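Across the two complexes that follow, subunit A remains constant while its partner is subunit B and subsequently subunit C.
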Partner chain A sequence: MKNFLIKEFLQIFRDKRTLIILFGIPIVQVLLFGFALKNEMRDVPIAILDQSKDEYSRQLIHKIISSEYFVLQENLDSEKGIEEAFRKGKIKELIVIESNFAEKLEKENRAVVQLILDASNPNEASVISSYTTAILNSFEREINPSFAGVPMIIPETQMRFNPELRSVFMFVPGVITIILMLVSAMMTSISIAREKELGTMEVLLVSPVKPIQIILGKVFPYVIMSFISAIIILLMAFTVFEMPIVGNLVLLLAESLLFIVMALALGIFISTVANSQQTAMLLSMFALLLPSILLSGFIFPIKNMPVILQYVSQIMPPKWFVIIIKNIMIRGNDFGSIWKETLIIFGFTVFFIGLSVKKFKIRLE
Partner chain B sequence: MLSCLCGSIFTTKSQGARGNFKSFSVNKKRFGGEIRQINRMKTILYIIQKEFLQIFRDKMMLPIIFVIPIFQLLILAHTATFEIKYVDMGIIDLDQSVSSRALVQKFEASPFFKINARSFSLEKLSDEMQDARIEQILYIPADFSEQLEKKFPVKIQLITDAVDGAAAGLMSAYALNIIKDYNKSLLMESKSVASSIKTIDTRTSYWYNPDLDYKTFMIPGILVLLVSIIGLFLSGLNIVKEKEIGTIEQLNVTPIRKHHFIIGKLTPFWFIAMFDLFFGLAIAKFVFDIPIIGSIGLIASVASIYLVLVLGIGLFISTLADTQQQAMFIAWFFVMIFILLSGLFMPVENMPDWAQAINILNPIAYFIDFMRMVMLKGAQMADVMYHIISITIYAIISISLATWRYKKVV
Partner chain C sequence: MVGNKEHTKAVIVKDLVKKFGDFFANDHLSFEVDRGEIFGFLGANGAGKTTAIKILCGLSHPTSGEVTVAGYDIYKQRDLIKQNIGYMSQKFSLYDDLSIAENIRFYGGIYGLSRKQIKEKTIEYIEKLGLQAFRKSLVKELPLGFKQKLAFSVAIVHNPAIVFLDEPTGGVDPITRRQFWELIYKEAAEGKTIFVTTHYMDEAEYCDRVSIMVDGRIEALDGPKQLKEQFGAKTMEEVFIKLARG
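After this line comes the complex of A and B, so read on.
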């Protein structure tokens, strides 16, 4: 057993290029995504069609442009060219101010602003429209004199846990999860499939080492390496992105270790199913990549999905780990509030290991 | 075993090719050029045949190539929405007066707010929020109605769980809107000012997708992702596999020209990816009812160039790596970057400039954008000329780079 472990370590460390890839890629990705991925809206290209060009309309346009959300791409004079601008994707929103805007406001107390949005990306369109409406609302407040002696509710908003609404809080837990999940699952699935493909598995099988020992020996080095990689990522989240670790660090590391073991067990399971490295890799990457991005709550909140998919997401291990990380790092919760998620990941681990031991073929076909 | 088999298949086929060549050699002088051409075609065809056989011999490959992508398209298309269906809200009403109840009533009436907890203790509801059971707390102070009656402004608190910043922004905007409505009704009650309030009517229309159905937006994108990933991974693993098993040397001693070899290797993947793309388009049209306004011919022709580009990148990766494991890691590295920066899940405009600059090298971004413009907006060829030219140039670069690297390495 001991010698077998040594052999596994040797095999991994001999391959310098893979080692660089193994540690280098997650670091580059965390850095890249941490800085690049932002949900805060910024610099949306818009066009304005001002049919009235008076004091109020100019004031409104100034207010819109001076916000950091919008960039005035085109100042239209007529409705011609609107369609083309949208079709070419040059603008995302058109704001139409009706003619005699100021006059109507003064005399009739009511004027119309029309917003036309390119809704081919509906997610973006609804955010853009809500930002624009917010600006219009505050413009409305400005042009109305303040009403003294009128009852008013003044809401004070407080954003708990993330007062600046930084998207890093969302992305770092997601990126850590995906990297750990895919890298760990892939590494083990490949390492076993490779022995099969190169024929060295036969040598292992005739040796007095038991199947369970073979599996453990295969996994152990990768547990250590993935754990180091997890620590590096967390360290970067803390130092580079100033992500707080409000909760208990030891608990966080322990949970990460559990998750890594789970991902590795999944990798072993994949390798017992796959006949070649190629299928093992395609299974662990292709079948896992998009679901773990989309069904883990990393980018899109699971609560908003159709009910059936909410059930599907229950069997996605990354979902539970994302919850755990957020609970510990951001909310600062203790084990009491994440024992359920921990138990689920533990269950997955046992399940995958059990399945692989059962499927692990001692005989060759 | 495996390598042996494919090696032997290969040698018989190439011997066959040579045999044919001999039988033609009588007229070699007259039809030499023509025969050489036919022969070349045959060589390529044999390689293609061998590749197809090799791919489909592995029983796992068929579901991986055809079932998984379709399944993913069907499921994942439903996941990608930021739309918030409801907010779990907790209310603290310390006033318990007619006016405070009227405000609470407004929240209850909205389908968007689910009042899950009522309490008199902020601490208790804060605990609930700590454990993510409620997302928003509305706090109405005890002097609420008293202040309003005295015609003073009164402060209420709105606390939002902001772990997910984007969702928090929306949730708080929705709640503020309701409060704004309430304020308006307060203003209207006092007749003296009601007549002089200037209001701006905002009329919003959503073009191209009036119902804001996010599936319309996501499906072309997810389809592109799936096709690109499968193309990149398959071609990325290909040559490196021959390298790892050692069969590349057998191939090198055969009289096949390198570029024939590459054409023969990539054609099967091209067909597979093309098939996946069109099968996915059919699903988009008939299952999800997504309009395909633009021309199918335009989509097909640009897709065929795009796939050359993707396969070229895959092949290039394949020549760089020593083992399949490495190739897979490199491919995965790029795929992750391409996916997350492509603007499919998060708008590109929000990213810093340098990240947007990376997208110049992101093939997926070009093709997703192209597909959306043609499918959803009915863009003509002139509208997407930029995309077509970029994809074509990129395809030429990637395939030549791959060929050049391949020659150098082997």
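After this line comes the complex of A and C, so read on.
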């Protein structure tokens, strides 16, 4: 066993490609996502149609405009001109305040603010709408501290935990997930496939070493490397983007470890199917990495997907891990709130290990 | 080089059958290999050589038949067999990105050699194979011939009773092949049994005995000289062609 570790680490440190994937990609990704997404949603051009023109509506408009997120592009008097403004892409959002806004708020405790969004970029739109809703909510609290609800259109719950809507908060869980998946599943499957390709696997199987020892020996170094990689991402999120970890760090690391083991099991399974490094790489990339990026809810909200894809996303392990990390890091929840997701990932782990063992046996026949 | 002290034959195969679906890859093979013998296992591609050698090494299960390797039963004593055999494939099976010493250390470690033994083996191999100039280099920087000899030496690092060589000279030039066979002779002279598959017919001449497989069956088994007489041929190549044409 010790032998394996020494050999595996020697190979990892000698292979620049591996090192780049292990440590270079996470760092670049964090920076890229961080800066690219961070600056995107400032000074969003909007239009406002105030049908009420009373004190409350003016206050609300003032609050919206004075936030750094929005720039008032047009102050509309009627519904004319809305279409044109949208079509030209001049504005991304129109906020319509209904008539008798203040009166309704006072008497009926109920008023409607309509948000009309340019949804040609759905991501952007959902972010903008949640910005707006956040401002509406806080306005609501200002005028009515007792919280006797003014129902809003498009309520967005997530931002309660992320009041500034900092995109780092959204992508760090995603990046950790993807990186762990990439490093663990892809690197193990490639490194096992390499042994097959070079013919060294045969020699190992002829030797007195047990198959389980071979697998463990191959996998263990990657557990350590993936773990270090995860810590690097967390450190960068913390130092560069000032993202706090609200919840329990130990719990977070333990959950990460479980996810790593799951990904490794998946990697082993891939390697039982793939006979060459290239097949292993392609399988990991297309059968695993892309779906897990696209369907985990990390970039595209699962709620917006077609129903079929929503079902597919249920069987994407990353989806559950993203939920877990968000719960711990952003909401500061304890294990009680994520035991279900943890159990699901544990289930995946057992499933993939079982599948690999079965495959491995068949190969020997 | 322990093996089962009782055994007189290195390999005993009786009625070995390996079927893939309806296809007989090994069709009732029976043969024996003596201790210390260089046994050539010949046949065209697809004749079933590799299937048979995989079964003997424990990489594959037979469909039926009795097989004993180094005196141990292949069904019940697989672990003991593994301790007593070495295996080298056409791919040479070394780690390209490790140095010579690291390869020896790894494979030696797998077979449970002590640190001291590994050190001795490393010094011995570097000297014996003339690898002094490559002491520090990675295996991928070695010329093919050296790589091949090193692979063979690594395959016998634990001093096994039997060595299985699956086309060990594939893609290597004639001079290097000759040097390689000298290495094989040396080991056989020390009492190791060598079980070698090849499709170079000139190499068949180097073997003590040769079996020729055609379509999953052994069609001939004898010393090269006897086979040539029996088939009225000048070279093993002719013997082989006569057999293969039926």
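The criterion applied here is as follows: the second predicted complex is superposed on the first by the 234 of 365 C-alpha atoms of A that agree within 3 Å, B and C clash if a C-alpha of one lies under 4 Å from a C-alpha of the other, contacts with A are read in each partner's own complex, and residues count from 1 in each chain.
Operating definition for what follows: contacts are C-beta pairs under 8 Å (C-beta built on N, C-alpha and C of every residue); 3 or more make two chains touch, one makes a residue touch a chain.
It should be emphasised that the depicted structure is a prediction, and the values quoted were computed from it without experimental measurement.
Peer 1: Kindly classify A:Asp15 by the partners it touches after superposition: subunit B alone (first), subunit C alone (second), both, or neither?
Peer 2: It touches subunit B and subunit C both.
Peer 1: Now for A:Ser276: first (subunit B), second (subunit C), both, or neither, which partner does it touch?
Peer 2: In the superposed model, A:Ser276 contacts subunit B only, not subunit C.
Peer 1: Which partner, subunit B or subunit C, is in contact with more residues of subunit A?
Peer 2: Higher number of touched subunit A residues: B.
Peer 1: Who does A:Thr200 touch here: subunit B (first), subunit C (second), both, or neither?
Peer 2: second
Peer 1: First (subunit B), second (subunit C), both or neither: which does A:Asn3 touch?
Peer 2: In the superposed model, A:Asn3 contacts subunit C only, not subunit B.
Peer 1: According to the stated criteria, A:Pro208 is in contact with first (subunit B), second (subunit C), both, or neither; which is it?
Peer 2: second
Peer 1: Just subunit B (first), just subunit C (second), both, or neither: which does A:Ile330 touch?
Peer 2: It touches subunit B, and subunit C stays clear.
Peer 1: In the superposed arrangement, which partner chain does A:Pro244 touch: subunit B (first), subunit C (second), both, or neither?
Peer 2: Neither partner.
Peer 1: With the touch criterion stated at the top, can you tell me which subunit A residues are shared between the subunit B interface and the subunit C interface?
Peer 2: Overlap of subunit B and subunit C footprints on subunit A: residues 15.
Peer 1: Considering the complex alone, what residue numbers of subunit A touch subunit B?
Peer 2: 15, 17-18, 21-22, 25, 28-29, 32-33, 35-45, 86-89, 92, 105-106, 109-127, 129-130, 132-134, 136-137, 139-140, 143-144, 147, 149-167, 169-170, 178, 182, 186-187, 190, 194, 197, 273-279, 281-283, 285-287, 289-291, 293-295, 299-301, 303-306, 309, 312, 326-327, 330-331, 333, 337
Peer 1: If we count contacts the way the header does, which residues on subunit B are in touch with subunit A in the complex?
Peer 2: Residues of subunit B touching subunit A: 2, 58-61, 64, 68, 72, 75-76, 78-85, 103, 129-132, 147-149, 151-170, 172-173, 175-176, 179-180, 182-183, 186-187, 190, 193, 195-210, 212-214, 216-217, 222, 225-226, 229-230, 233-234, 237, 241, 245, 322-326, 328-333, 335-337, 339-341, 345-347, 349-352, 354-355, 358, 369, 372-373, 376-379, 383.
Peer 1: Mind listing the subunit C positions that touch subunit A in their complex?
Peer 2: Per the touch definition, subunit C meets subunit A at residues 57-61, 79, 82-83, 85, 87-98, 102, 105-107, 109-112, 138, 155, 164.
Peer 1: Show which residues of subunit A lie in contact with subunit C when the two form their complex.
Peer 2: Spelled out, the residues of subunit A in touch with subunit C are 2-4, 6-7, 10-11, 14-15, 198-200, 202-209, 364-365.
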